[in-house]
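Letters A, B and C mark the chains as written, and numbering starts fresh at 1 in each.
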Amino acid sequence: MLKTLVMATASVALMAGAALADPYEEFRDTTLIVNFPAHPHYDAVMRILPEFTKETGIEVEVDQLPYLKMRERQTLELAQDEGEYDLIAYVVFSKADYVFADQLENLAKYFMNPKLADPNYDADDLIDGYVYNIGFAGGSKGYLEGKTGSLFGIPYGSETSILGYRKDIFEKHGLEVPETYAEMLELACKIPELEPGMGGVASRAASGHHASHAFLLHLNPLGGAIFDDQWNPVMNNEAGVEAANALKTLVDCGPEGATTFGFGEALGAFLNGDTAMFLDTTVVAGQIDDPSKSSVVGKVGWALHPMGVERASQTGGFGIGIPANAENKEAAFLLMQWLTSKKGDKLVAMAGGNPSRFSTHADPEVNEKFPHMATFGEALQHADPDWRPIIPVWGKINADLGTTLSKVLTEDLDVQEALDGVAERTKAVMDEAGYYTWQ
Amino acid sequence: MNSANRLTPYLFMAPAIVIMGIALIYPLGYMMYGSLLDWNPSQSIEEAEFVGLKNYITLWGDPNFHESLAVTLIFAFVGVSIELVLGVGLALLLDRNLRGMTLLRTMFILPMMIAPVVVGLMWRYMFHPTVGTFNRTLEALGLPTVDWLGQNALLSVIIADVWQWTPFIFILSLAALQSLPRSALEAARIDGATAWQQIIHIKLPLMMPVLIVTGLLRLIDAFKVLEVILVLTEGGPGLSTEILALRISRTATEFRELGVAAAMSNYLLILLMLLTAAMFTLSRIQEIRANRVRAAAEEDS
Amino acid sequence: MATAPVQRTNPAFYALLIALVFMSVGPVALMFINSFKLDVDIISGTSGLIFMPTIQNYETALCDILPYELDHLDFCSLKFGEAFINSLIIALISTALTLIIGCMAAYALVRFKFMGRDTASFTTLMVRMVPPAVLLVPVFGLWNNEFCIGRSTMFGEFWRDTFGGRGDLCLAGTYGGIILVYVAMNLPFVIWILQSFIVQVPRSLEEAARVDGAGPFRVFFLVVLPLIKPGLAAAAIFTFRIAWNEYLLASALSDRDTRTVPILIVNNMSEFNVEWGVIMATGMLLAIPPILFTLFASRQIITGMTAGAVKG
């Protein structure tokens, strides 16, 4: 009696196994250690990870760090023979370092593996600019897509710049939402007159990465660039000066203490109703609608990043990739695929993250919950994958640029002179790194 | 027995020597060597390229390094001077039998004991442009608000340091004051010296050796400050509060140039060495002079 | 000590005294109050004292060791409880080691004449001034790359099989690695400060014990140590303070499992969300031991400070 029961159970189990071939079966009870940034998108990811574990039986342990710390930690971990992390999220400019040092897995072999690759993944649905910006390396300029390039990561948490504005203030004074840079700058300085105590645009400006980021935000739309096609620094040309002046205008007409604002402070000012506009990443939408953090819930409208000579919003955010020294690479791939699949992308969008697929931005359910999603989707199509150079020496140039710009903002250093200085030092850095070898 | 005796001091010293050798002296040597390399954190030291004195020369001509050096010196000397004046002044003022003195001394220790990281975050909150305590108070009083961590960042950082360390000088000066020979002071009072004359001609000269050591200790510590500034301003705006310790850490982690960071560390070390030597000499001279004053004062009585 | 004559004191002095106490305690009190406020209350700042106190910030901070689930949190990102335990382990062990090793060395320097004594004494004095930032680069390099045992060596293999983990066994990322730096960093100070206490121990007591047949180590542990208890207490507090508060080296050496509280606080000042309430709560928790020391051991601290400076 007992024996037959056991037999029956066993055969049922066998049949079930055969009927539902589970690609995750082999990795059940594996624990993946992943390194994610402390960032609203990845906070949303934390909320959906239990779903992954429930579905696949793969446990995920997350080490969440602020992203500069995360990069430091990864530098160290990836250089070891055997690393701790199975999956990492990385910022765009880390791509150059990691790929160059052969520290990230080329994803081709996983997508070729029929046991791992999901045929319904639909990679064409991923937003092109981001795949090129974050995932590809080896193509055009060495760091973009192109005939010689290949894929090392998948964008996850795609941000672009967007203009948030206070609908109530704009209505009250009969203002038009700015379409161009000229309009935005004019409006930015008009707001403090119309609404005493309120700043125009909240922008980052703090020394270093923040100031540099804010400058780059204006550089491309105004027709400037960091380098020309021969890697000569051109951030000090007319467009560069215009971008720096735009930043200065925004900060001067911004809220109190604007010169020290990092991203958090700038966002805080907007959340607190201290400014009428906010020009930065799309990642903030979740917090603006959160009544425990924001006093402007329901008062914010969204518009595309204003035009200069062209529409070019930033490409920011993170990608996820598998370290070459990881222990559980295949399980890590499964997690990566699950997170970036249509289903995962929608789940994370519903949890307040930044989706990376066209279909998610068009999804009616997502749009119902987050009405701004359609505008964001449109903005993403204008995102410029080459809005900043992704080369190993960028960190150094970025730091110099950010420090110098902060001096322009706080110490009234002449803009042209300051940028000339940056250009000169950049040239030296580039020369030393060998970018002029072929000239 | 005899040989055991001769070995005893070495046995007592051995653990300390081994540990300091491994974790202080050897790393310092390693740093000297590292400063001659073009070295990034992804490489082990064997893979780094030897570049001789290049890092030192680059730094010597680097305006950012100059600025950082200037900020460090201003921070250390201005901060410690203010602390000395305030600390000694308060000690002279409060050197009397007041009820509540013990409470003050106890409470004064608190700022020194609390983690610099926490000090940084407390002050960052108080200096905050809109929600901070200072600007709120100013606003409530109808006064214009101050851009603490922006235009006045260095000042703000110094204020936080003064808050934290003036008590140190106060407590030490008070201890020094209370151990002065009563006879000398008594004699001066009988001679009809005013309070000011007593302070300038007797108390300060006699306290001088202690004050110099205290000042030196504070100065050395001021060059070690990093966490408070890291949390308060991260060195900004511009480089206006980027003291050397912070720049070393940023060069190593953010710019990924371990060689340059090591060279910078070496410059800082040399600077501190010069300072220590200068202060030691000064303290020797002062001690001799103080002894003369003390002897003279005691002769008078 | 001579007692100064009781002077008639001006009330202004008391006003000054109160102002000073307020100034030194005020910021800490402010942090204490804010740690019980919600962010909305901190930012809107309608009033300083009228608010609904909440322990939510502390719950958020300690979410990884609380036995119950929290309603206001979707997930627990702040591993503060774990970091608190790490901090305790590191600070306590390094304090104990520094004291034992330090007072042995101080004793040798004071009581024995031996070759190399002056060099040892001078070196100790000089390395006192080395800032932690100077140690950052070499310690980072050494602890990660040089002070390692290969994974394929016998011991390495045994360790990895027994305790898990990956890669070569390096000092970096272990408690031992951080403790080693802290002990080395604090030793010069402890040796310096304890010398001044040991000098005061009457030699006759030691002689007497020696006549009774006690060896030098017995004399040291049974006679000298009990007599310098106040010095030990002062040295212990100062050592603990540094090990407990240090950020820079810990952040370079610790890994996922050995992070200490200061690292967590700095990490949490990250740019996306300055959650003042939670940060103040973590700051408050980190400040507990220093506050306790201040309240219950201020006498020892002052003794230690004066001994350190005056007897230099």
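Just so it is clear, a contact is a pair of C-beta atoms (placed from the backbone, for glycine too) under 8 Å apart; a residue touches a chain by one contact, two chains touch by 3 or more.
Computed from a prediction, not measured in an experiment: that's the story for all the values here.
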**Chains linked by the largest number of contacting C-beta pairs** = B-C
**Message:** Relative to chain B, which chain's C-alpha centre is the most remote?
**Reply:** A
**Asked** Per the centroid of Cα atoms for each chain, what is the distance between chain A and chain C, given in Å?
**Response** 39
**Request:** Determine the centre-to-centre distance between chain B and chain C, using the mean Cα coordinates as centres, and give it in whole Å.
**Result:** 18
**Where chain B touches two or more other chains, by residue** = 41, 253
**Request:** Enumerate the residues of chain C that touch no fewer than two other chains.
**Result:** 43
**Item:** Multi-partner residues of chain A (at least 2 other chains)
**Value:** 76, 265, 272
**Fill in**
The residues of chain B that touch chain A in their complex are 41-43, 64, 129-130, 145, 147, 149-151, 153, 233-240, 250, 253-256
**Prompt:** Can you name the residues of chain A that touch chain C in the complex?
**Reply:** 33, 38-40, 43, 46-47, 49, 63-67, 69, 73, 76, 80-84, 210, 262-265, 267-268, 272, 283, 287, 292-293, 295, 325, 327
**Asked** Which chain C residues qualify as touching chain B in the complex?
**Response** 1-4, 6-7, 9, 13-14, 16-17, 20-21, 23-25, 27-28, 30-31, 34, 42-43, 45, 100-102, 104-105, 107-109, 111-112, 114, 117, 120, 123-124, 126-142, 145-146, 180-181, 183-185, 187-188, 191, 216, 220, 241, 244-245, 247-248, 252, 262, 265-266, 269, 276, 279-280, 283, 286-287, 290-291, 293-295, 298, 301-302, 305-306, 308-310, 312
**Message:** Please output the residues of chain C touching chain A within their complex, sorted ascending.
**Reply:** 38-40, 43-44, 74-75, 77, 144, 151, 165-168, 251, 255-256, 267-268, 270-274
**Request:** Enumerate the contact residues on chain B facing chain C in the complex.
**Result:** 5-6, 8-10, 12-13, 15-17, 19-20, 22-28, 30-31, 34, 39, 41, 44-45, 90, 93-98, 100-101, 103-111, 113-118, 121-126, 131, 133, 136, 163, 167-168, 171-172, 175-176, 178-179, 182, 210, 213-214, 217, 220, 223-224, 226-227, 230-231, 244-246, 248-249, 252-253, 258, 261-262, 265-266, 268-269, 272-273, 276
